[in-house]
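Look for subunit A in each of the two complexes below; its partner is subunit B in the first and subunit C in the second.
This part shows the complex of A and B:
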């Protein structure tokens, strides 16, 4: 089947190249039949790649170690759920996932816009298939997912233990969906620039995809943060790692874009800015993929140094050069239809918010690439750490939060001072109340940055709450509905607006959790024996007993901990560290079961007020003596079985392996029967749960904004939109 | 004031603010950054009290624990048998092992031959996404 997989990739490349040719020929006068054929090539590509991806998944699920990537990223003892996810833990498999998702999303957008955007769509099709061809070339020539081994091993290396986490099933596909979905507005922007159809039609046609890209990327980022919090054993969720930053940059640029396009749709302004922003977002999405693939920057997440850097750099250079050339050459056609009337207008608020978001993205870009910049300037690689990022991102994030509350209150074109006063009375009053209440909480005033952020969050929640309240009251008055019905009807009829407001609420709540958990966290590293305890932030954490669980997959050594406060039981936590067998024979027959990769299982008691987080790091040094003895004993027994050069008796080998397994389990049990001190990290994080709750609200708001409006509303909006397009066409 | 003059003034103010912010960004990134060095470079020229990022591979047989303190040596990738010994406390990432690539923020005390790692500053290369060594020929049965 590997041969079929390889053939499908080559067929996919041929289909993509044909589609590019057909689309461009059709657009340049060849006729609509060629354009249709080009579009169908995208559907065909999606079909071919779905089949190829299914073949790869099937190989993982049946542990077919004749596939090189199955042998190096899975094993028979890997649980079925993780076998399925192991496909994208490899460089090769993740590239195939990328191009497959691209083909699926491209098919969807082209199917939905097949009766619209007739001039733009063929160019966009060619651009999307260009991306597809690029990634197919990578999977055919540089990182082959269907490469096979001449002598398949009886067992694979297994999936990295750190990736055996539920979020890992969804994190990469969500991130890649975000990246690939962002190439859709990019492709249509290129199409609009090439064909000079620079009205708001292409924006309306792809707006939903930009929003879906933003949503998927955001969910992917949060899943990654959650994985880091519950799996990596350091108690944090964000480390300003280059690969984390790589996903945040296009998300920030995309956030700016989905706001600024509203100005173009409403008032025909900021066309250069919007075109630049969407092209920049597309470039950042590819840059994100490049950072992970190339190994150019040191990161815990990056794939190793490889030969993919040069092709990616060539692609990025082409995208940047093409984008700049198109925007510069079309600048006359991109002229705004109106100017900003007043700096006290929603347009100006959107623009300021855009500047802040792009500023954030630029700061992160600078910090991420600083090792390369400094090496180019001074010859020494210098990196900046989290304090440097925090210095700039905290004030910018604070301003973005406050503006996300203020923006919805300001009307388009101009606000009067009297109107502004009326809008701000309640939010400012609520902020003042919050400030006074927070000042009374012990220790909060010692962290001015956190205090300011809390106030900004209170302001935003009050602003958005006021908007919901007023909308609901108006609806109640006009339709005579009960409050809950009026609220639901309000959101249902204005999904984009109120979905967006909900996103603002979620974002504010998320940052509340970030500010509280990072500023007021208590962490302690201690070494304890069973029966001993430590005090963290008023909690007493007692190491009750050690645990040892040997299984086919790993050996888990852990602890049961009792958490109490003032003598009252609060929680029982279980934490462990799993040791996976190594494939390195030099570690010895017994030693290899303790010398492989390790992974922490966090003990977590999540609560609305605070999280109590703990992890154990058992020291294996006291086991070294008995492990060495076991190695010697079983090596002698093994040598006895193969003495005389004869093949060993299988029954005897099986018996020896059974004895070895019993010996390994007995060694592991020593952690319980003869316990020695183990290292623990205890963390008490206030409001950490609000990060995840805020993210859920953001996702919910995004889904509401994304969901199609009711048919009647669509007809009404569609008529207004058609009138606008007609006006634009008449002008062009 | 006429509208075009007002716009010009706003533009100049915005550009000045952007220039100042950009200058601050560049200055602080150079002054607050930590230089990445190999073991040999640090042993030759590390200035006591200054923080560096030590990058390299953990030497075989060098890892030793003393309570919550971890001792290990980082090999110089370019000079054979040159290694910097590190005394480290704090978080040890799960993938940390002998033979694995690490980056750790270190300081050298005056006259000392070893380096003190800053708490929780260690970053270990994640092996999953790096090229995994091909599985060994030995079959494995369960533990």
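This part shows the complex of A and C:
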């Protein structure tokens, strides 16, 4: 079946190349039949790659170690869920996932637009298939998911323990969905520029895909942050790691884009800006993939230096050069139809927000690539860490939050000063109340940046709350509905607007959690024996007892901790560190069970007020003596079984391995019966839970904005306004 | 594997076989003019839908107090005039819209 899988990839490449030719030939006068054939090539590619992916998944699920990536990323003891998702834990499998998702989303957009965008779609099809061809070339020649081993091992290496986390298994598909969905507006922008069809039709046709890309990428980023917080054992959720930044940059640019296209749709303005922005977002999406694949920057995520860097650089260079050339050559056709009427207008607010978001993306870009640029220029590799990023991103983020509150208050085209004052009374009042209340909280004024952000959040929540309230009241006045019914109806009839407002609320809440948990965090690293305690932020954390849980998959050494405050029990925390067996025979028959990779199970008590977080790092040095003795004992026993050159008696071997397993469990149990001091990290983070709650609200708002109104409703609304305008026509 | 190749070839070549069967190659110049008109009509339809949304947004802004009665009347009038222009342009291009409503 591996051969079939590889053949499917080659067939996919052939179909993609055919589709490029057919689409472009059809667009240049060959006729609609060739265009349709090119579109069907995309459908065929999706089908072929679905089969290929299914073959790979089946290999993982049945632990077929003849597949090289199955042998290196899975094992018989890996739980079924992680086997299924291990496919994309490897370079090869993740590239296949990328191109499969690209083919699926491309099929969807082309099916939905098959009766529209007829001039643009063929060029967009060619671009999408071009991306598909690129990634298929990588999977066929450079990183082959269906490569096989001449001598399959009896057992696989297993999944990286750090990846055995639910969040981490959905993180790549969501990120890649975001990246691949962003190629769709990119491709249609290229099509619009090539064909000079630069009205709003192509934006209307791809807007939902841009929003879906933004949503998926955002969810992927949050899942990665959650994984970092609950798995990596350092207690944080964002480290300005290059690969984290690589996903954030297209998300920021995409956020700017989904706002500024509203201006182009309504007023025919910012065409050059929008074209540049969507092309830049597409480039950043590929750049993000490049950073993960090439290992060009140091990161715990990167797969290490390999041969993919040069092809990716060539693709990115082509995308950048082509995009710049197209925008410059079409600048006359991209001229705005109108000008911004007033600096006090939603258009101007969106433009300012765009500048801030693009500025944020640029700051992050510079900080991420500075090590590479520095190395290229000076020969010395340097790095910029969180303090540098915080210095420049915090003020920009603060401005974005404030603007996300102010923007909804300002109508399109212009607002009068009197109108603006009227709109701002309540939000500014609420902000002032919040400021006074916060100033009374001990320690808050010592962190002025955090205080400013809290005020910006209060302002935004008040602004958006006012919008929801007034909208609901307006609805009630006309439809005589109860408040909850009116609120639901309001949102249903204005999904883009109120879904967007909800996103603003969620984003503000998320940043509230970030500011509070980072500025007012208390952390302590201590070494404790059972019975001993530590004090962190007024909490007493007592090490109650050690735990040891050996299993077929790993050995977990952990602790049970009691958290109390003022003599009152607050929480019981359980943390452990899991040690996976190593495949290295030099570590000894017993020793290899303690010498492989390890992962942490964080002890976490999450609450709306604060999170209490802990992780244990047991020192295995006290076990070394008994482990060495165990190695020697079992090696002598094994030697005895094979003495004289005779094949060993299988029953005797099985018995020996059973004894070995019992010995390993007994060694691990020493951590409980004769406990020694273990290192702990304790962290108390105020309002950390609001990060995840805010993210959920952002996702909910995005879904609402994305969800289409029922067709009957759209026709009814459209017909109502058409009738009104028709009456005007008749009178004129 | 052969079955997959056959299915792919059948799927991808279906439009070409249908065109060859229906003799669809003729009338290129006329088709191009019709296509240009259809494209312009679709652009105008998209602009019209966007204009209706703008009218609706302005009405909601007025009902939620962001726009005074006077400002809203002025803006609504301007937007409806722009929409009327789009409808006249659609009438000039002629023919029914061939896509789903926005």
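To be clear about the criterion, the second predicted complex is superposed on the first by the 713 of 732 C-alpha atoms of A that agree within 3 Å, B and C clash if a C-alpha of one lies under 4 Å from a C-alpha of the other, contacts with A are read in each partner's own complex, and residues count from 1 in each chain.
FYI, a contact is a pair of C-beta atoms (placed from the backbone, for glycine too) under 8 Å apart; a residue touches a chain by one contact, two chains touch by 3 or more.
Only a predicted model underlies this, so the values are computations on that prediction, with no experimental measurement involved.
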{"item": "Subunit A as common anchor, with subunit B and subunit C clashing or fitting", "value": "fit"}
{"item": "Partner chain in contact with A:234 - subunit B first, subunit C second, else both or neither", "value": "first"}
{"item": "Partner chain(s) touched by A:540 [first = subunit B, second = subunit C, both, neither]", "value": "neither"}
{"item": "Partner chain(s) touched by A:385 [first = subunit B, second = subunit C, both, neither]", "value": "first"}
{"item": "Partner chain in contact with A:155 - subunit B first, subunit C second, else both or neither", "value": "first"}
{"item": "Subunit B versus subunit C as contact partner of A:631, first or second or both or neither", "value": "neither"}
{"item": "From subunit A, separation angle of subunit B and subunit C (C-alpha centres, steps of 10 degrees)", "value": "140"}
{"item": "Subunit B versus subunit C as contact partner of A:552, first or second or both or neither", "value": "first"}
{"item": "Where subunit B and subunit C come nearest after superposition, their Cα distance in Å", "value": "22"}
{"item": "Subunit C-facing residues of subunit A, complex", "value": "4, 7-8, 11, 15, 18-19, 22, 29, 31-34, 36-37, 40-41, 43-44, 47-48, 51, 115-119, 197, 199-201, 204, 265-266, 409-416, 419, 422-423, 467, 470-471, 474, 477-478, 494, 497, 711, 714-715, 717-718, 721-722, 724-726, 728-729, 732"}
{"item": "Subunit B partner contacts - residues on subunit A that touch it in the complex", "value": "71-73, 77, 89, 91, 153-157, 159-163, 232-234, 241, 292, 298, 300-304, 343, 359, 363, 366-367, 370-371, 374, 378, 380-385, 387-388, 391-392, 525-527, 550-552, 554-555, 577, 581, 583-585, 593, 597-600, 617, 619, 621, 657, 660-661, 664-665, 677, 679, 681"}
{"item": "Parts of subunit C lying in touch with subunit A, wherever the complex brings them together", "value": "1, 4-5, 7-8, 11-16, 18-19, 24-25, 28, 31-32, 35, 38-39, 42-43, 45-47, 49-50, 52-58, 60-61, 63-68, 71, 75, 80-81, 83-84, 87-88, 98-102"}
{"item": "Residues of subunit B touching subunit A in the complex", "value": "10, 21, 25, 28-30, 32-36, 53, 55, 65, 67-68, 89-95, 103, 105, 120, 123-143"}
